[in-house]
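Next come two complexes built around chain A: one with chain B, the other with chain C.
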Partner chain A sequence: MENRPLEYDYTVAKMFMLTTVLLGIVGMLVGVILAWELAFPAVNTIAGQGVAEYTNFSRLRPLHTDAVIFGFTVSGVFATWYYVGQRVLKVSMAESKFLMALGKLHFALYLLVVVAVVGSLLLGITTSKEYAEFEWPIDIAIVVVWVIWGLQIFGLIGIRREKSLYISVWYYIATFLGIAMLYLFNNMEIPTYFASGGIGAWYHSVSMYSGTNDALVQWWYGHNAVAFGFTVPIVAMIYYFLPKESGQAVYSYKLSLLAFWGLMFVYLWAGGHHLLFSTVPDWMQTMGSVFSVVLILPSWGSAINMLLTMKGEWQQVAASPLIKFMILASTFYMFSTLEGPIQAIKSVNALAHFTDWIVGHVHDGVLGWVAFMIMASLFHMAPRVFKREIYSKSLMNTQFWIQTLGVVLYFTSMWIAGITQGMMWRAHDEFGNLAYSFIDTVTVLHPYYTIRAVGGTLYLVGMFLFAYNMYKTMTSGRRVEESELQNASPMGA
Partner chain B sequence: MDIATFQAYGYFFFTAFLVVVLYSYVYHLYSAQKKGTRDYEKYGNIALHDEITDQPIEEISKNDEIKK
Partner chain C sequence: MFHWLEKRPFFFAVAVFVVIAFAGLIEILPNFAQASQPVVGTKPYSTLELAGRHVYIKNSCNACHSQLIRPFKSETDRYGHYSLSGEYAYDRPFLWGSKRTGPDLMRVGNYRTTDWHENHMKDPAAVVPGSIMPAYGWMFKNTADIDTAYAEQLTVQKVFAVPYNKEIPLADGSKATVALADSLEGAHASALEEAKVIAADMKDQDVKDAVAAGTIPEIVALIAYLNSLK
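And then the complex of A and B:
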């Protein structure tokens, strides 16, 4: 043992890879059920009236969003951190028993939280704050999990060999700090049982804020959850995995630093765009709009940097499905960071707010950018952590095209549905009477809801192909030598 | 001047200050590279040469002056 050369230890990375795949399937499966429920309401009770409480839209919806955000995405962030962190800091987890034990504890506690979240949401136990539905005992457990991750990050940085922190590490640190701050402030809550001297259930709580203040804190949190959950760590991934897989150093390291600070500076102020035309002060609404538009610059700074990294190497996009996933992800990042600011302009928002266009925007971002990038990262990691080649390149290609079609069907149907909806809601005759009732819009939107459900189902099929390919890679892919793992990942036919 | 006006001015000037800081940072990055004080672009190689046996791009040592 003593003479064995030092190697990176991917034990914890593998654990989180497993939850990324599993919770991805759970989150997207629930999403697909919800999409079919919206198109065909009878699906709400498809499993029978007796369990309708657990299968209806309102009970499942938080489970979908939370499984995708805190399950799939956060697992992906942890999995990639435990891989990328060691490599760019040039230090192995095997070098510190403490960090290794901490990593395993991190995973064990994370699993407990997942069970608690799924259980409580299915039972309908919720604080009713969007993306912050968990009651106080779970919140405390989440804080513990997060702090352990922080110890892990800074612990690894503390024993590193590489003096400079690679740009991805900056983004992982920002994810840690950003979410910590947002989560703590938005989840400040008063346990009602203890505050009232024994009334109600012990686990219930109410927000410490009320009215407009609550809305402001909620959307400062809600939008920045997108920032520090769906953007910052995913940018961390692409800055490592695209250069590594393509063998091309990032096009401009200086631009990556600049885009980083730009993003940090601008993003935190943009959340006000969720509250346009509401009771929050007008200047805050304007500030939310303005900062959202400015946000195009740092977002495109990173995305263009990634596309330019492929300069002179574009044949790789055609040759490698893994590069395809990453380039499409980066393109969808550009696309959704242009779409978001457009929606945040007050006059556009007057039409778009509360419509399906917003839902479409979230999904072209999450399906096209976040999920594509996480899957690409796992595909790149698989041969390195399992020492086997990716089981099937053609399956990867199939998955890529099925899911791309799925995303396109999803966002195009939601664009049309959203704009139609917005136009119909505001239409009126010369006396100011509304031209349509709500049910008129529902009837018109039905075909688009069906198309959305088909798009989502295609994406889920791709997710199953992904899981199968990963499983086969782990169990029966050809064994590879270290020399095959330099840049482009080895793939079987 | 009431508190709201004071806040508004404070907010505006603070934002302007941060913009100046950001642009100074851009200037610093590009001028440092041009003058040769620091080569930022070499850090891009950290991702490419990331085997545990690879020589770090900038090694941590007790004496940072010694570079191989």
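And then the complex of A and C:
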């Protein structure tokens, strides 16, 4: 027993892998529809006037962001946890009937929440707070799903064989705690039906905070939901999957320590950069701005640690599309965490805020870093979970280049669009009058909106290739034995 | 120390929590009470205005329109006086937005009329050539939810002491009162009175007929809300 590798149980991991792929396609499909709607407004009513209410830009927009964040990304986080957790703690889920049953309940409740979210957002039931649009009944369900995940993490840790927690586990724990704290405080709301003695819609609520305070709490949440949803768990993934796939040890333990505790401490201060020049007290804005710049250090700490992990093994980048995905993800992480702090500098923010440059920044982070890393993780997991070779290496390569081109078109067009719009908003003529009416600053963006829509569509095409490759791996990839599995994932032609 | 922590998940989790909670305590708690004091002249929303605000939220207008004027000449030239914290005292939730695909609406009530909004919501590109805003035809057919607006008014009056039925000082030294009905029927009646004033300035015959028959279409509530943004 001692010398034989453990048999891990991937039942729950497989379930969440499925939702990662499906909700990824849903979220990005909605995103692509939105992009075409901005370029060509007629797309808003493409399904007919009768259902225009549900295909309209404004109704779909929260669905896009929430499907990508809470559908695709969070599914990916759960899927990788149910894989990585067992392996780094050296304990199988099959060893605990309780954890196994809880894991299946976790997935079932998660699906229920997904259905509730999609339905309610399409009907326009929303609190309007970004990435926290859900009304109180769904909030309660989300808290339950999250608590179950916490029980999973600490339950598995409780029965672990490996006493030291690997770096990835630090990041998963931080994800759990961070999101729990942020979500609870930002969604403090009072159901009006009960407070008014049974009048009006039962699901409606009113925020506990008003105006400036509400904005402050919201962006403390909004920014750090990005931190603990889009950064922390993705770093958890790269710390596990890159060394595994490449067969290289993590370059520096000390650097990973510095980056982890640095990120934990610094990230939470930076939310104020969403509120520069608003009515939030000035010192908070300055703190937000300063800490955003400091944030480069821990972010780059992780990214550089990953790139240096490949030291002496760079030929693997050319040889393996899986390593390509991870290295590009890491590179986009560096790029995005440099771009963010630049946008948080007050004078730059004065230009960039409210423009498409911000949209571009979000997307180079999410498409380039988050999605690439999640897909790479799933590719690495597939042969080990399904005991089959990845169906097609050339398809992976094709996907990689199509999606990379998509991301590049996306952020370059949004840079130009954002800076153009920001400059036109502030332009004055020689008499001190505004040089442009607002509509001038909209119509000028048409070519960039079109390029962005093309970029987004390319990325979506890549998602379909990904889904197809995963499906074929599952059903018709060549079978591989545990003993054949080395570091590099086996791939078919 | 870190090696010690890495073997003790409980203390590790506590340490992480302390480190991440720290910033929130320092940044958010101070000034919390102070920041929500209304400025002179800020009034809570009437039932119809609040129902209109719900229509605004239901359709995520805030996805494309901000309600935050920054203190720059280009913004005050375009939209009016820069925003003051106290002006948002009765905004639950805040609707600052994060993207200006369309213009800011913080003070749209100062320079747009009921008539303009009616035409614009029906066909934005006909009013503003080149506009990429979609039409909102369904707002002319759907009925506004007065019940929920009234429930929210009762809630904020009870829980947050929002001053309905109380004298509110205005900038010119006079006083105003925003009435809150003492029954749901009363709330419907007062919302309908307000709606009739809006509908009188509108052209859509179906909307006029609906209001005359005692129901309030979403568009009427929305326009009441937009007109109140000053």
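Definition applied: the second predicted complex is superposed on the first by the 487 of 493 C-alpha atoms of A that agree within 3 Å, B and C clash if a C-alpha of one lies under 4 Å from a C-alpha of the other, contacts with A are read in each partner's own complex, and residues count from 1 in each chain.
Heads up, the rule we're going with is that a contact is a pair of C-beta atoms (placed from the backbone, for glycine too) under 8 Å apart; a residue touches a chain by one contact, two chains touch by 3 or more.
Source: prediction; values computed, not measured.
Following the overlay on chain A, a side-by-side fit with no clash is recorded for the pair chain B and chain C. In the superposed model, chain B and chain C sit 110 degrees apart as seen from the Cα centre of chain A, a figure rounded to the nearest 10.
By the document's definition of touching, of the two partners only chain C reaches A:268; chain B does not. With both structures placed on the common chain, the touch criterion links A:247 to chain B but leaves chain C unconnected. Applying the stated contact rule after C-alpha superposition, one finds that A:338 touches neither chain B nor chain C. When the two structures are aligned on the shared chain, A:211 is found in touch with chain C, with no touch to chain B.
In the superposition on chain A, A:239 contacts chain B only, with no contact to chain C. Look at A:92: by the touch rule set out above, it reaches chain B but stays clear of chain C. Of the two partners chain B and chain C, it is C that touches the larger number of chain A residues. In the superposition on chain A, contact of A:163 is made with both chain B and chain C.
Of the two partner chains, neither chain B nor chain C is touched by A:188. Of the two partner chains placed by the overlay, only chain C lies in contact with A:350; chain B stays clear of it.
Minimum C-alpha separation, chain B to chain C, in the superposed model: 7 Å. Comparing which residues of chain A touch chain B with which touch chain C, the overlap comprises 163-164, 257, 261, 265. Chain A contributes residues 5-8, 87-88, 90-92, 160-164, 166-168, 239-240, 243-244, 247, 249-250, 252-254, 257-258, 261-262, 265, 283, 487 to its touches with chain B in the complex. Chain C contributes residues 2-3, 6-7, 9, 12-13, 16-17, 19-24, 27-28, 31-32, 35-36, 57-64, 66, 68, 70-75, 77-78, 83-103, 125, 128-138, 145, 147-152, 154-156, 158-160, 184 to its touches with chain A in the complex. On the side of chain A, the complex with chain C involves touching residues 37-38, 41, 44-45, 49, 52-53, 56-59, 61-62, 124-130, 154, 157, 163-165, 170, 173-174, 177-178, 181, 185, 190, 192-193, 195-197, 199-201, 204, 206-207, 209-218, 220, 257, 261, 264-265, 267-269, 271-272, 274, 277-281, 284, 287, 291, 350, 353-356, 358-359, 425-428, 433-434, 438-439, 442-443.
Listed in rising order, the residues of chain B touching chain A in the complex are 8, 18, 22, 25-26, 29-30, 33, 40-48, 50-54, 56-60, 64.
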